[in-house]
């Protein structure tokens, strides 16, 4: 019977904690930096969060299945570069975006193959991929950013249908799709099963290998999607958008969002909220003129505290 | 299955990597005569020294199936404080470096606490401290370049006979850690934990204490590595230790030390791994290849080594 | 040891445990599982504290509070599952946790010499410097024994030492035991291979339902008598199955081998029959069924499956797809404990439950869960209750439920009623029979003879990892016991 | 610590500004703060803003943030500046391409934008203020060539480049290349990109020295990491002041505080200053001009402050050389 209690306690305790934190922060802001509440700033936060949120969605799928994907940002950078090059060469926005998604998925597939078929350790596989993709991007660009994408590209992706930046809408759409896949489909069921107990899942006729493979493909796809968003936002694609501070943010977002590093637990929505929190934190520190370095310390502390809590509650 | 193929495969797995290394050396040597020169060898051993030391600490942790990716940041924090003590507090260099090592151990102990007592997954725990420590160091130095005093910089190029001082230190550390691993109860317990933590508990081994101490040791070595690398560059910059954690993991992994723990030799593993990456870097540099190539090849090497490791690990099981 | 009693909650594991050991004697400790052997030995080894009873060592009473106490008193326990570290050397394994040191370094010469001495006593031929992972299971067992002998114990307990050994290795172990006996050590030898005790043991103690029913010199007892004592009087139970159906085989297994887990298996499983696997624990029953499904690596030999179009060689995948497997490890492999009852039931049936877009049809899923909960009368607050929070009986019913829904061709039951109360047991057996009558072919493993005898159309006799033939369901208790005793079978082999 | 002070002074200025009518809030976005140069810039800007501001009757206040060398973080930071409603944005770009998006965003919000030190490769801002990196490299190169010519040395030089994402690094490399093409005294025998990473300055230089034993001079794209070059030269036994037989001829850029004593001691032969003070002065001038709606009258490449050539002989006599006096 203790399990349900644990589960409940887990959910509620985290919820309470996050809520409390959020309220505290907001009150503090109300007092110290009213700018925060201007719709324009809130809009900003959303835009800044969209890239992180999309990456966090990819990471969630992998982590729920019990793995980890360190190559997400590097993958994003490389896909952005390849896509931009294609876009500039052919002057076709559609093709460019397609290339970004395709290369993202392809890199993901490579990770998936190594993990699912070659039985390699996710951490190392994706670490190696991180280095390779990163190296390939700098090599490709001589670490000079690829800009001068066709204006049409920006017209499209910087547009604001219904007053909302397209980036935000894309992120929202991604959230809905992933949430649906994980929550409503057979595949989602299997992902949670594999993450919870691969042995039992296998006996219950879950094609463990294929499920693992697909989780990495999905996270790669998310990297491609993020590539589109970030390229539009920066007006250029460069190797250093994938620097390692991004992966830290992604993991932080997932951990804050209650995705368990041990697999089997975590909701896409949680990860997206986590991403928002990370960005809000940065934004608040900026508005308050607090040093970026302190924000790093806070971030690190938060990660450990939350996982410690997670472990304690799950008794893992 | 047919034994010849298996024997070939096993042979390739056990001796393959040194062979690949040798081939690489010959190729580079052929393309750039200077590469095989004694001067270059000395130079390579010089540049390797800090990362070798840090990798030793990493190996100790990995030997138990754990990870410590905060080593780079630990080195940075330790050296940041030390440099300020030297330049602004006027501490003698030796004393300041001592302080750096103590700080390293303290931060390592913090990692150990989080992993052993709070039972946080080592990867996440050290990921968190990696960020936090870096922030701390940047805050301390306000991300300035701190130029080290002459005596400290001199040490960076101090030579003992044919070798550089830090090369000697690195070799000493490598040997010491190797002996610790091979010839002490602590080291054997480490390996036992790496083999199977549950069984280790059942047999009544001090699992918690051993893991904790290994993180302290890793922190200590990270700080030492930081000191040496700062001495080489002659100043403390925000680049100190950046990305070192990943290089260290890569070295350990390429050196054939299994991330599942319990397998591999620290002496040959770390030496081989570190040499691999240094040869690639220096070699590409000598043949005047596009320097951005380095990362790409590095990643490939990691991947190949890991694939070999995966096969090696599979072998016992597929027999039944 | 006299009048030892130990209860876990309501369960009375040992009610009247008695055991007399003498130096220079090997005493076999026998009993079906659940008879209380391990509990008694854990008490002797200081792992557990008895509720009642006394332990006298050379006349004086002992109270062991921890394994340490027992060890100090000269009692060494060679556990069943090996605690050997593959990448350490033999010597290191023997001395792990208590290394002799010199100047802070391990004193390897001393360690090596001492280990060599111990290995010599064990008649082991491998070097103290060999890596454990390079040794056979038997040799690793030797390491374990050497570790136990380090403290020169007066009493040694071997808990199923041969369960994972090949015939040759068994022989070696028996020599070791004999030599230890000759050195005056008192030995308890727990095993399930009755045949092997005759070579090794002097006395035999037999436990049944927590009590020691016999302790006597081995001379004068024959296998049949011992098995009778172990199984007790098998109650004359009314069988709840009809006569064996004379149907064509669904599954044909020939020459199945897997390492030394399964040494040889030949049998047919007919459509709609319940084939009880009749063998003592350790005969390789679980290993056999897992090998059929290829769960522990690719087996040798041929397996043919008739999925409608006649018998044809089948891959492990195909077999898994056609089979429902109720494992003995319910919590570890049978269920996803954090998942709800409904989700557990759904998991193997997702294909059927999901629509064109691959989306799971909640409605259908809920209906299925409700239907199954009703059909198996599972006691739950609702389909959403996490399985981990159910009682053992209901958990097992959930396992059944999820497999029933897959409409399997073959149902494999491994100890399906372990740890269940009587009513739950009854239910489970009933479902099994119903399924068989519905045309499902069942392979069933159980350590309770009565249970098998109630539901089996036929018995597949398994001895020491080999199939020894088939008995008709009508076979009486004597025939069955005879079968285990290694007498030639009436009825002959299935092939 | 510094950031705290900075925000405090900000608050103070804000309070003051309430009184006076004409105020200007400048949002300053650093790509990173890893060199004393940035600190110097910042301090001089604040000081100049006070001085020129009073002269022009404008009260200037600053909002400052740092992006830790991450272009998308810099974009976020600049968006934060926009939302805080600053009157002018000054940014030192991490990525010459990516800064364009921020300029676009500021323009959309009607806020003028000055790229400082590193120009944008894509969208043009209202103004660019910085050092003339190209000219800097050329003057250094010319002086170096003259010097070597005078000493009768045939220069076999190693070029230590900066990060190629930095438009200055690119321009310096171009300027140097132009001189090398024009002057027979100089040849470049090895190019080593450093990503502005001191460790790469050291190992790259050391490797290049081993690979090219006959090298006798070096052009160093910035001397902020001069200690790393020194270490490499010491390793090769080529670290000696001018006049000694094993002296290695060094031409550097910027003449940052760390380099000054080394030039005074004769280890560095030629350098062109990178005048933090002049840049700051120019920036504030342009800022006020834009504020008053006047034309800052910049050249095609923006308002560029040229550096001054320094040598061991002249360094003592150059006035208000910030790197000699700063800190």
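The first chain written gets the first letter, and so on, giving A, B, C and D; residue counts start at 1 in each chain.
In this text, contacts are C-beta pairs under 8 Å (C-beta built on N, C-alpha and C of every residue); 3 or more make two chains touch, one makes a residue touch a chain.
Everything quoted here is computed from the prediction, not taken from an experiment.
Peer 1: Which number of steps is the smallest that gets you from chain B over to chain C via touching chains?
Peer 2: The fewest steps needed to get from chain B to chain C is 1.
Peer 1: Please compute the C-alpha centroid of chain A, do the same for chain C, then give the distance between them in whole Å.
Peer 2: The computed centroid separation for chain A versus chain C comes out at 46 Å.
Peer 1: Can you compute the centre-to-centre distance for chain C and chain D, using the mean CA position of each chain? Integer Å is fine.
Peer 2: Roughly 76 Å separates the two chain centres.
Peer 1: If you average the Cα atoms of chain A and of chain D to get two centres, how far apart are those centres in Å?
Peer 2: 36
Peer 1: Multi-chain contacts in chain D: which residues touch at least two other chains?
Peer 2: 66
Peer 1: Could you pull out the residues of chain A that touch at least 2 other chains?
Peer 2: In chain A, residues 142-143, 291-292 touch at least two other chains, as defined above.
Peer 1: Can you give me every chain pair that touches, using the contact definition above?
Peer 2: According to the stated criterion, the contacting chain pairs are A-B, A-C, A-D, B-C, B-D.
Peer 1: Using the touch definition up top, name the residues of chain A that touch chain D in the complex.
Peer 2: 35, 38, 40-41, 44, 47-48, 51, 142-148, 230, 233-236, 238, 240-241, 243, 245-246, 279, 282-283, 286-287, 289-292
Peer 1: Under the touch definition given earlier, write down the residues of chain B that touch chain D in their complex.
Peer 2: 32, 34-35, 37, 39-40, 43, 46-47, 142-145, 147-148, 153, 156-157, 229, 232-235, 237-239, 281-282, 285-286, 288, 291
Peer 1: Give every residue of chain D touching chain A within the complex, in rising order.
Peer 2: 3, 6-7, 10, 63-73, 75-77, 79-80, 82-85, 94-98, 100-101, 104, 121-123, 163-165, 170, 195
Peer 1: Any idea which chain C residues touch chain B in the complex?
Peer 2: 83, 85-88, 92, 96-97, 99, 101, 104-106, 108, 133, 258-259, 261, 296-297
Peer 1: With touch defined as at the start, can you tell me which chain A residues reach chain C in the complex?
Peer 2: Listed in rising order, the residues are 1, 3-4, 7, 180, 184-190, 192-193, 196-197, 199-201, 203-206, 264-265.
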